[in-house]
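Structure provided below as structure tokens; questions to follow.
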Amino acid sequence: MKITIFVGSSRKGGNSEKLADFVVHDIEHEKMYVKDLHIRPIEDLRHAENGFQTIDDDYDQFVEALAKSDVVIFATPIYWYSMSGLMKNLIDRLSQAIRDKRYPNLKEHLKTLRTIVVVVGGDEPRIKGLPLIQQFQYTLEFLNMPFSSYIIGVANQPGDILKDSSALSQAAWLNQKLKSGFFTEER
Amino acid sequence: MKITIFVGSSRKGGNSEKLADFVVHDIEHEKMYVKDLHIRPIEDLRHAENGFQTIDDDYDQFVEALAKSDVVIFATPIYWYSMSGLMKNLIDRLSQAIRDKRYPNLKEHLKTLRTIVVVVGGDEPRIKGLPLIQQFQYTLEFLNMPFSSYIIGVANQPGDILKDSSALSQAAWLNQKLKSGFFTEER
Amino acid sequence: MKITIFVGSSRKGGNSEKLADFVVHDIEHEKMYVKDLHIRPIEDLRHAENGFQTIDDDYDQFVEALAKSDVVIFATPIYWYSMSGLMKNLIDRLSQAIRDKRYPNLKEHLKTLRTIVVVVGGDEPRIKGLPLIQQFQYTLEFLNMPFSSYIIGVANQPGDILKDSSALSQAAWLNQKLKSGFFTEER
Amino acid sequence: MKITIFVGSSRKGGNSEKLADFVVHDIEHEKMYVKDLHIRPIEDLRHAENGFQTIDDDYDQFVEALAKSDVVIFATPIYWYSMSGLMKNLIDRLSQAIRDKRYPNLKEHLKTLRTIVVVVGGDEPRIKGLPLIQQFQYTLEFLNMPFSSYIIGVANQPGDILKDSSALSQAAWLNQKLKSGFFTEER
């Protein structure tokens, strides 16, 4: 089982990353810091004559991480009640990825790719983060990707997530499920 | 009455921009194409010792456009059920703007700044675009900005918005209201 | 084209009913006042040995109205950010209706039944009424019923809907579409 | 600390009631089965000359349960992506309760009344139940009632909630918090 965490924060060791760390505690995984990638905003060429063009940035690393994973975790702080702009630019490029002839099997692979969403915010995120969860749901549904689970954590200051015992207990539950193979066995 | 349209599309003349054009038909306004600005993702320094640092990009143009406007229109295509990454990076920088000592009156000014949201999508946007509207609402509420109105249009191909007579009729209604001073008079 | 309006208000001539009246202006239609029906809350017997039992109330009138209509309009005031309890009790009985052996063709018929939702509320309904619209969407999706359109009106006092020119203009647009056969022609 | 559970199901011992039982395990509490009350749909008389009239049903029991509680738990199955009609009719009567001169202190008391929402559904409730949570949030916000927590459980057959280990672990967490006084201490 290959797990990749996409970290959408502008800070390393931020609250959403920390919460994702609890989810994968004692489980092998890889991390991709979106802030360390050079990812250009998508140029919408779905309807252009020649379609999407290859862009000279780090998008390939993103697509290849998707292609080799069994489980992905999108971990993002909630900025203005949504994912970070860093993460959004990455997600936007999915429109290109699923049409990219260099990755002909990606769309089929995505259907098997269990997704976990971990978000942390400071302003009533268990309520005001719900539209963000709905957007992930619509996105995953469009791609036929299984939406395994999500956790919404509360934190205002760096490190505060350690005080959100509700989120931590949900992370511990998910950790156990991942270890038991719950999300990756045949369904 | 100064009106500024922030265009979040990666294409000029896209459907969301066209729909916003109907809203301001025969009304003086300015346009800011986010794609033409160099806007870096926010670095979250709310809790850093020295706070936010001045970033060498086009963020000042954004803040100054806000500062001089009476009405702003955020026009964005719906990418993956949310605003474009381009637009999101701009919005994220609001966290810096409201703490920026070079613009001490910005927070007060925002409370008077009527906001209109114009979004266009291809996959059932009148339903699946609702979380995006809720996020705008939470954002504007946080900033005490009046959320004057929103329009959700349907379009799949370039130019298709011209076929969405429901969205066009709402734009015409808004246009009339703007001309009559409805949104800008004392309330 | 047979149109039935289900009126969920506790008052006749309420704002949501008035708004629905604009939608069907000069078009033949029938009205069913839920308040005049005797509808018992559903008893959930989906998993009981003998399934749902025939209940001695006016439920049959509801099912028969659905069965003979081509277009239905659910018109309800927004009470506590949701449909009225009167309307909810009616909707709940759909669980029985789609299992009712006395109406074997109902499920198939529903797939052709265009639905329009008209809701009116007093507390920022264009935002705070969105969860209600999402619930209608999930319900109609479950039943494979086409969700043709919805209108959210603003009104606080009886009759106030006449001042919501945005809602009225949307109702006029819908009225024209209904007259032109837009919603009922083959798709 | 007085805790009252309002049970909105049409069945005793249903999944949502069972889940609420875990929340109050080994804690004194009272239960009110809405199905056993005679509650008439609200008649909207907010704008009538004489206001709301006393209705001869069991509404007083509801209001008195609110008035004497420190914590209330609304436990309802998700019917058609919303609370049961039984529960909705009860909630609708809040409009009367907060204007009822026989309970002049109710509005003030509500501001101190911690609320927990426990809902259980069968069709992707962790996503499709989110609009219901948002409606509770808007309702509690309107009344200035603290929204302490919510749990969304998954169950299709009677008793299935016992298999939803995620919901059970959240209930255990809440149970511990209630025992520790977390929700009722000064904030």
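For reference, chains read A, B, C and D in written order, and residue numbers begin at 1 within each chain.
In this section, a residue touches a chain if its C-beta (ideal position, glycine included) is under 8 Å from a C-beta of that chain, and two chains touch if they have at least 3 such contacts.
As the structure is a computational prediction, the values presented were derived from the model and not from experiment.
Novice: Would you pick out the chains that touch chain A and also touch chain D?
Specialist: none
Novice: Relative to chain B, which chain has the most distant C-alpha mean position?
Specialist: Most remote chain from chain B, centroid-wise, comes out as D.
Novice: With centres defined as the mean C-alpha position, give me the chain B-chain C separation in Å.
Specialist: Computed from C-alpha means, the inter-chain centre distance equals 34 Å.
Novice: Once you find the CA centre of chain A and the CA centre of chain C, what distance in Å lies between them?
Specialist: 38
Novice: Can you give the whole-Å distance between the Cα centres of chain C and chain D?
Specialist: Result: the chain centres lie 26 Å from each other.
Novice: What residues in chain A touch two or more of the other chains?
Specialist: 130, 134
Novice: Building nodes from the protein chains and edges from chain pairs that touch, which of line, ring, star, complete or other describes the result?
Specialist: ring
Novice: Run through the chains and report each pair that touches.
Specialist: A-B, A-D, B-C, C-D
Novice: Hey, which residues of chain B end up touching chain C in the complex?
Specialist: Per the touch definition, chain B meets chain C at residues 126-127, 130, 133-134, 137, 147, 149-150, 165-166, 169-170, 173.
Novice: Along chain D, where are the residues that touch chain C in the complex?
Specialist: Chain D reaches chain C through residues 9-11, 14, 35, 41-44, 47, 77, 79-86, 88-92, 94-95, 123, 128, 130-132, 134-135, 138-139, 142, 157-158.
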